[in-house]
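Comments concern the structure below.
We just call them A, B, C and D in the order they show up, numbering each chain from 1.
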Amino acid sequence: MSRSILKLSNVSKSFGGVKVLENVSFDVEQGSRHALIGPNGAGKTTLFNVISGIHEPDKGSVFFEEKDLNGVPSRKRIKEGLSRSFQNIRLMPHLSVLENVMLGQHSRVPFIDMIKPLSLASKSAGKDEAIETLNSFGIDLHRGQTVSSLPYGIRKKIEVVRALMAGPRLLMLDEPAAGLNTVETNTLRDFLNEVSSRGITLLLVDHDMPFVNSLCTQVSVMNFGQLIYDGPISELRNDKKVLEAYLGMDEDTELSNA
Amino acid sequence: MLFEQVLQQIINGLMLGSIYISVAVAFTLAIGILNFLNFTIPALYMLAGMVGWSLSHYGLPFGLSGPIHWGLALVIGIICAILASLLVERFTYRYFKMKHGDATEHAIPLVSSLGFLLIFEYLILIAHGSDTRGFSTPFTNLDWKTAGFIISIPQLASLILSILIVAALSFLLSRTKVGRALRAIAENPDAATMMGIDVDRIVPIVFILIGFLCGISASIFAINYHEVSPYMGDHVGTKAIAAMVIGGLGSVWGAIAGGLIVGLSETLSIYFFGASSAQITVWSLLLILVVFKPTGLFGHNAIGKGKF
Amino acid sequence: MSGYLAGVLAILGINIIFAYSIYITAATGQLNLGGAGFQAIGAYACAILSNEIGLPISLTLMFSAILGGAISFLIAFPVLRTKGVYMVLATFAIAEIVAGIILNSSYLGGPTGMIINTYIETEVVLIVAIIVILLSFYMMSTRIGLAMRAVHDDEAVADLMGVNKRAIQVGAFALGGAIAGLSGGLYALYFGFIEAQYFNANISIFVLLYVLIGGTQTAWGPLLGASFFTLIPEALRIGDDWRFFIFGVIIVAMMILRPEGIVTRDALDRVSTRLFPGKSNV
Amino acid sequence: MKKLKPIIWGVLALFLCVSGGIADTLKIGHIAGRTGWLKGPALPATVAVDMAVKEINAAGGVNGKMIEIIEFDSGSDPKQAALAARTLAQDHDVLAILGPFSSGEAQVAFNVAEREKIVMMSNASSAPGLTKDKEWAWRITEDEGKQFARLLKTFNEKDVARDSVDIVYVSDEAISAVVGTKLYPFLLKKFGIKHGEPVAITYKSFDLAPQIAPIVANNPDMVAVAGLPENASKTIRELKRQGYKGRMIGSQIFADPNILELFGDLAEGTTFMAGFHADSSSKAKAFNEKFLKETKAAGIKKLGAHHTDAQSYDAIHLFAKVMKEQNVSGTKSSLTADRLAIKEGLKTVKFSGILGDNLCFSGNDAELPGYVIQIKDQKWTLIASHAPDPC
């Protein structure tokens, strides 16, 4: 049993009397590929927001590498080694591809590099690294363009690259495969496998079960703000609670694809 | 004696506030429903007054008629303000909707409205010069002197009129179909479209109201103070913005309270500390409010916070 | 250089510097409609320093900027609590209060204004303007500039990327105040006389227009905006009042044709691709 | 390109012809206020200037050369006034400059005049001390303090009720503020008249109820106003509304003939100083009539010539006279000498015009007559005339 990198203990959060998260506790193990799934409105994104510090939990704690993140402002969590992407793409519309990606490096750039012009930036400023990573995703061609004009799939990838640029130990991805076609999804999976092999822990929310199945080893399932399953992905289909939750839903149930 | 004088000042302050109310309501409608800080409002206000004066003084352009009765002239002035307001709608708000879907994200309507402010102001300056003009009506000296207090009857009438207009507007917004549509647009323009509200037909109503309110207020001004000038809009407009903020952005009843508070604080500040202090008093009040209680007295939390 | 050209260039230089002061704040997504107030602070500081202490021009200008920056820094904390329209109104209110205080202060000459004993020539204005322009371009090309633009586009995400948005915004506001103070100092020294009435709401409105019409996405915006707005009225001089009317029409037309300003990232990108095919810019 | 060539040559030839013609004129710069917030009072002055130029040229010009006015619109903006001064002095080689109109503009433009060493004569600015320690800055205007003293003197002579006076002044307008807070109190005290603390109004205020209330409670014999016509109009309206029965007085700041219309029937009894009165001489009367005709033709509504119009008109005649006396040539080579000659000439000139006879300068400000005007039956009525002070 390896050490857990992220530990949620009894996290609760409510908005205007509506309980969105109720006593959620689970661990994400160091180096694992962990999926967080559940129907829409189950509280997955809220949980992401609590972990990344956008919301403070009403109750409970988030531990990152055994450090209680309570009171650590969202801005500083990326420096701790925790970086994320967003469900609806939130790239900076007026920045170029490369600038967006280089923004991801902000938290680990020494001050002296802050005041160097980007166009002259040396390797230490991360420009080469950013270009290289972009290349490995096959989006080299677009790096001078502002992102608003790019197709959805490419912007989605850029978001992942940006999150990766912070050099995180835990990479949180909110629906990275949504809106990608099969080929793109496959490239993404290969890339994330590569990322994982470098020792970066993955925590991802996604509805694309084949993608999740082929990538992740661990899974936590949420429904109505509560954790209903936490364990290896292989045993997911045998869990009664999960089946109940998903069978109660309309036909586009994600599990049926699994 | 002092007490009576102060009481008289309070009366004066409320009367002065009545001038600000309608303009403040115009500002608050634009921002509450369209999230649009409409800087053309002072120009519309001035336009109504100056057109009214010009007609009552010279008559129709090109010698089509002799001087027109002051009342009719003011009515035409109001109509001009409404038409000008619709022109602004056409080239700022509607244009944006067509081009960008949601206009509220940008500072563009604000900038365009500043452009229109220049256009209208300089059109009038070209036509009539920068002088203050006397506007004569039969009500030169209609004061009601009671218990040692002087109350100007036109001012009292305008206060009542302002409140009546706001009450009517409030009714329009809360009870009628158009009002519901407008509130839906205020909540979420995109959702309103999806609900089947024809935004392109409803939004001009806001601009008609804005023009109408400016026109009415300018007419009240002309009747009360017997003068109009190309700069009258600036003088009233800035105070009306303060009134709107104090009342809370988007709240029509708040605009009444805000107008009266600005009028009161202005007169009392002038009475106790001299005229030059009024500027500092009113704007400090506004600054403190904006910083510490940005919703004003009656405003909603969501309005006006969107980034530019 | 003809007298007219020198005079126009001086006005242009001051306007450009002033525009950059508003731009620096606008680049982080904050609209400052109180430019005249900050300019007035610099102008009066300059007048006092130059008349009463008799500092050399370079030091006078430096202190005008420092004072403008220091006051803006203090004001930034309450003002940056506000957002959107409220920020526009708060800064507008500040300018009105500054003008009100000057009008009420006999030490500052009240309504009669102040005469400045020394003066500068057009060259000084132009040199300072070039320095401000170069520094602004430099700053916007660094990671700090990148962080500023990120805060402009999406505060929340910039924050999650580790950008200290508060520090960026306060810093930009203070720097903007310093540059506005500098432009005020130059105004005072060049024209030799300042009065509170000059620093009015119109000045604040115009300078914001320079920036928004020029475009807030790149450092080219204020340069082009201020030039456009200073030179067009000069070119239209023939039309008297008409020139401001035409000016208004141009503003409305610009918003229809180029709502994001004259210079946008995409436009710049297209131009540079055409000029340097193959080179990708950052 | 080939097609363009004849056009270019044509333009060049035309340009040469025109500039060849210019060499034969005596150029006077005029910083005019055709636009901006002072357009109202400043625009008619340009008509007066044109009238003067036409008259001089019709009579054969100066030393056989025509006068030419190079106008630059300052838009009532100090920045533009400085630009105007610079342009006129450096690019157009004018011999002297008339204007700028307002004190705020003059403060800035006078600095340029000093540096460029060219006479600049303001036609309207009357703030005290504007030309102090300046060599090239001149004014053909009369000091507000002097005019007000003349008014008080007349009150003494006629023994008008004058036990107490309250002061209303515009606090955000330079001249009015100085006059209201310094000159009026000083002079009232000097004439032994009780006065209250000056009451401020602002240029922007339109409702004067709170300021006027204490004055009406005091009920002084007279209320002295320091403000432009519109401010005076608001003041008198509010005074009358609150039931004040006394008299409104002032120096020459609001002495515009158009106040008859602006004040309406409330004006009755208002007494003030004017630097120009159409009935003061036959020359003045003729000017006034012609001026009314010309302004009407230009689409400007005036009920009579303002003293700023008369001063602008006389300033051009004064320049012509000085240029004639000093024999200026107007050629580019003698520009510096000509400018100096004009300045020296002004120091000793004796000049008769519509403002009065045998006028001269003490310091750099003209000594002008003053007319005490009272509004009676909706007309300007001359109560007393004061001759200019000796230089």
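In this text, a residue touches a chain if its C-beta (ideal position, glycine included) is under 8 Å from a C-beta of that chain, and two chains touch if they have at least 3 such contacts.
Values in this document were obtained by computation on a predicted structure and should not be read as measured data.
**Student:** Which chains contact both subunit A and subunit D?
**Tutor:** Output, common partners of subunit A and subunit D: C.
**Student:** Averaging the CA atoms per chain, pick out the one whose centre lands closest to the mean of every protein CA shown.
**Tutor:** Here the chain at the core of the arrangement is C.
**Student:** Please identify which chain has its centre, taken as the mean of its CA atoms, farthest from the centre of subunit B.
**Tutor:** A
**Student:** For subunit B and subunit D, let me know how many angstrom lie between their CA-based centres, rounded off.
**Tutor:** Their C-alpha centroids are separated by 37 Å.
**Student:** Using the average of all C-alpha atoms in each chain as its centre, how far is it in Å between subunit A and subunit B?
**Tutor:** It comes to 50 Å between the two C-alpha centres.
**Student:** Using mean CA coordinates as chain centres, what's the subunit A-subunit C distance in Å?
**Tutor:** 41
**Student:** Can you pull out the residues of subunit C that are in contact with at least two other chains?
**Tutor:** 103, 240-241, 244
**Student:** Pull out every residue in subunit D that's touching 2 or more other chains.
**Tutor:** Those would be 35, 39, 171-172.
**Student:** For this entry, which pairs of chains touch?
**Tutor:** Chains touch in the following pairs: A-C, B-C, B-D, C-D.
**Student:** Would you pull the subunit D residues touching subunit B in the complex into a rising list?
**Tutor:** Residues of subunit D touching subunit B: 35-41, 43, 171-172, 199-202, 204-207, 209-211, 213-214, 217, 229-230, 233-234, 237, 240-243, 258, 261-266, 300.
**Student:** Can you list the subunit B residues touching subunit C in their complex?
**Tutor:** 31, 35, 37, 39, 91-92, 95-96, 99-100, 106-108, 110-112, 114-119, 121-123, 125-126, 234, 238, 241-242, 245, 249, 276-277, 279-280, 283-284, 286-287, 290-292, 294, 303-308
**Student:** Can you tell me which positions in subunit B touch subunit D when the two form their complex?
**Tutor:** My answer: residues 1, 5, 8-9, 12-13, 15-16, 19, 125, 129-134, 136, 140-141, 143, 145, 150, 152, 221, 225-227, 229, 231-232, 234-236, 267-268, 270-271, 274-276, 278-279.
**Student:** In the complex, go through subunit A and note every residue touching subunit C.
**Tutor:** Within the complex, subunit A touches subunit C at residues 52-54, 74-79, 83-84, 86, 90, 92-96, 98-99, 102-104, 106-107, 109, 113-119, 125, 127, 143-146, 149, 162, 166.
**Student:** What residues on subunit D touch subunit C, complex-wise?
**Tutor:** 34-35, 39, 73, 78-79, 82-83, 86-91, 104, 107-108, 111, 115, 127, 171-174, 176-178
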